[in-house]
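Below are two complexes that have chain A in common, paired first with chain B and then with chain C.
Let's turn to the complex of A and B:
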């Protein structure tokens, strides 16, 4: 055996795993989305484009509306995560504080505690009957009836923002740290205010982090599944919950697969437009 | 003038720090609430808690073993997935960084692809695929794969390895890129064989990357939801799924006790990571 053959042994197990259990399943799912649906089995012989057409041309726009709701939810979640995450990342990138590691730990630990547990925490806080907020407000006689904080879009959004915020902060942190603090000092000593320095110097230079974090949060939101179920309880229907319903409960695999690809393509288009727009906003950044 | 500027700067600074503190509170509150709730003595979870009690911990340890079973299943899968993905990840990182040549970038993306693709889509693709390959072999009248992948421990484990592998790969390849190749050359010049050089020089230097990647893989697999939800063996549940089913229908604080144990597990792993290699070695 030659040396190069020997080194191939390092690669082959992983490559085989990825081809057999990632590439093939995805190709298989594309094929499945063109299968003829059947009522007696998960699919019938033959191929059709009906699954896509049924979803896109539904006379009530049922599926397109859910797709639109999904994208809108993704947009708002991303925007709010960016608004909350940027100051936090900036502070952590620049702070000299002794508790810097502790702060980093505060960002990491929610990220690494399971999503179900974090949603459960919000269920305890937002719950309609014995929830922390509603109970407190009632005891203070500020409200008589529970506020609808959960099982609606509000509850789902709170959960999404909470769970995905660290995914925004970490890429931002990386790119803000890469911006030389001397540039900020230069900007300020030339008369720009702190706020102006922030928007004219730091934000443009950390654009790669903003893009990476936004895409991450957007993709995670439009493919989220646990959070909408636990905090929305099927009253907030978005594409992933619909797709899983179609596949697990209704056993409509071809249709479910088609819906999944419609979601993926729509998500891909949004990301493409976003990258084009942000690149144009800031000249010189690819 | 100077005074007003500094005062407005001071006010701005206070606002900025206040905002930061609020976001940190937002991040941590749900976890703190779960931990406090786990000590509630009331039958139905409510806030503020009625009194201190450990009864829900006792209940979780005694409930006909469902919780313990799911914790054991979760730990078993997490450990196996970590071992497999660390072995595969170490090997493939070496290949990609050292020998891949013009294929390096494509391979890199291919290996982290499970991270880039939505987990729920990968789960669905695997579910359908497991059914289809079994059906395919059955149609050929070679029931070779009956029950091997479909809703089996093995099938679930493959799903977990797919998701954890990129984390290990990122950790290890990161420390390999920073590797000073002259150290290996020196070892070889001094008569160290290829194996000795790897064992005594290369491995110790990339060890932090391996440890960080493996610990991250452990936590990620332990918390994995969508893959487990769709692929788990019928009649079993990993801990996140058991929790998911419980908190939707039951309102006593048992789930909080179990969650607290999980949170502590995560914190311990993070603490070990910080001690061994530093939190910064974790790569996402």
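Let's turn to the complex of A and C:
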């Protein structure tokens, strides 16, 4: 047996897994999105593009508005993760601290707690009636009525940013570490302050990490389901919640599938445009 | 331009004293190199001057005014790094423009200066290239151009030639030295390569263990080293252990060695009977088949080894059971292994060093 054949053989288990549990369901969903809806069964015989047209051409723009809200939520979550994550990643990349490993642990800590427990934790803090923040502020007579910290976009964003921050920091960390510290010194010796050095040298050179982290966080956000449900309680409607509602509650499989693909395609387009735009900003990297 | 003064400069990393109270004055237009083995504190000294390390003691003065509290970007220095540290996401022109943009120079002036500077470093036409499209030597010259275009007060060079191959390195020595002389910029050059520092420097500062051991012109350092450690670090030397027997003149002593009485030179004063070391460079010794009968210093020995190097022949002459004298003979010299030989050298070409390393 040749070496390449052996390699192929070793790939088979993974390939089989991917085909059986990723590719086939995907294809099934694509097919599903073109099926004729039915009220008595999962779908009726025959194929149609009505599912897509109904979603896109809805006169009230109901579905497109939810799609837009989803993208906006993805945008803000990504931007805030990047803003919070970059200084952290920079510090972690450059620190000589003896507790560096501990710092890594802190960065990863949100991932070590299950999503439901994490959300209930946030509920205790953000809750409108007996939540830690509202209670404290009321006791101190700083506010009369509860602040709306939960069951809205704010609460959902907090929950999302908390858990997605590591997905931003880790790729950033890798690319900042690859930036030679001598470049920072060169920049300073040429008269740039540390802040200018940050924006003219370090940020552009860590673009691959910024792109990778942003894509991860964006994709995770626009496809998030549990956190928007628990911290948004259906008051924050985004595409994944809508899709699950259509399929599980309304049993409208073909329409739900069509919505899911509209989300995928829209997300893909946003990422494509993002990559094109950022690549143009920094021509020498990549 | 600018004079530089270091006053009792001290810099520690934890328990390690990297720079141990050094004093140094560098004049206008001067190129001074800091020479020493790795870990001697030369790079730390340079980084203190640049502002990348903060000294634990002492002071740094540019033109008599302290820059100690000044951030690196406020010191107005040009620095060339060992790995060049060119910005990979900017073209050559972008790299050159960077420092001028920080100084808010207007675009027309920036373009003019870029053209001018590229011409000086012989890179005209390469302004649109990215650093990774350039050879090592070209990158080196871009780094130099980037440091010079801002017309800094002082130019700092940190082992700038260490990453070049031998032939290019030799060319760049002359190139940088000529450029520095033309511009007349005060320059500090850090290197561990003694040949490089000889060729390029007005003065050499020899450092060991965070301290300055000697400051002098290249010829002084080479011919009249202060200690055996310096003599050993710079060039090749023969060291002959001896005892002072009498003072012959202001700067000449007679000394007794294992092979007889010799005379040597020193500017220090030594008491009769003290143990000293005599240094003789291999190239000052000439080989003869007969004795000069007392007109010169002479050591008799036998040719033990002979190596042909092209421009010279290295002879290793055994003159006592356990002592070897290394001699550079002319390439046409015909002595062979086993020949009995007289090694002759001028009194003025040998030098007495104190015993012990410092």
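To be clear about the criterion, the second predicted complex is superposed on the first by the 276 of 286 C-alpha atoms of A that agree within 3 Å, B and C clash if a C-alpha of one lies under 4 Å from a C-alpha of the other, contacts with A are read in each partner's own complex, and residues count from 1 in each chain.
Just so it is clear, a contact is a pair of C-beta atoms (placed from the backbone, for glycine too) under 8 Å apart; a residue touches a chain by one contact, two chains touch by 3 or more.
All figures in this text were calculated on a predicted structure; none of them were measured in a lab.
Asks: May I ask you to decide whether A:187 touches chain B, chain C, both, or neither, giving the answer as first, second, both or neither?
Replies: In the superposition, A:187 touches chain C alone.
Asks: See if chain A has more residues touched by chain B or by chain C, and give me that chain.
Replies: Touched residues of chain A are more numerous for B.
Asks: In the overlay, answer first, second, both or neither for which of chain B and chain C A:168 touches.
Replies: After superposition on chain A, A:168 lies in contact with neither partner.
Asks: In the overlaid three-chain picture, which partner chain does A:160 touch, first (chain B) or second (chain C), both, or neither?
Replies: Neither: A:160 stays clear of chain B and chain C.
Asks: Quick one: classify A:240 as touching chain B (first), chain C (second), both or neither.
Replies: first
Asks: Please work out whether A:217 is in contact with chain B alone, chain C alone, both, or neither, and reply first, second, both or neither.
Replies: A:217 sits against neither chain B nor chain C.
Asks: In the superposed arrangement, does A:42 touch chain B (first), chain C (second), both or neither?
Replies: In the superposed model, A:42 contacts chain B only, not chain C.
Asks: Thinking of the overlay built on chain A, is A:93 touched by chain B (first), by chain C (second), by both, or by neither?
Replies: neither
Asks: Which residues, counting only chain C, touch chain A once they are in their complex?
Replies: The contact residues of chain C facing chain A are 50-52, 71-73, 75-79, 81-83, 85-91, 98-99, 102-103, 130, 146-147, 150, 156.
Asks: Name, in rising order, each residue of chain A that touches chain B in their complex.
Replies: Interface residues on chain A, with respect to chain B: 4, 7-11, 13-15, 17-18, 21-22, 24-26, 28-29, 32, 42, 84-85, 87-88, 91, 101, 103-110, 112-125, 130-132, 135-136, 162, 165-167, 170, 194-195, 219-220, 222-223, 225-226, 229-230, 233, 240, 243-244, 247-248, 253, 256-257, 260, 264.
Asks: Can you name the residues of chain B that touch chain A in the complex?
Replies: 9, 12, 16-17, 19-20, 23-24, 26-31, 33-34, 37, 44-48, 88-89, 91-92, 94-96, 98-100, 107, 110-111, 113-114, 117-122, 124-129, 131-132, 158-159, 161-162, 165, 219-220, 222-223, 225-226, 230, 239-240, 243-244, 247-248, 251, 255-256, 259, 262-263, 266-267, 269-270, 274, 279-280, 282, 284
Asks: Which residues of chain A touch chain C in their complex?
Replies: Contacts found on chain A: 180, 182-183, 185-193, 196, 200-201, 204-205, 282-285.
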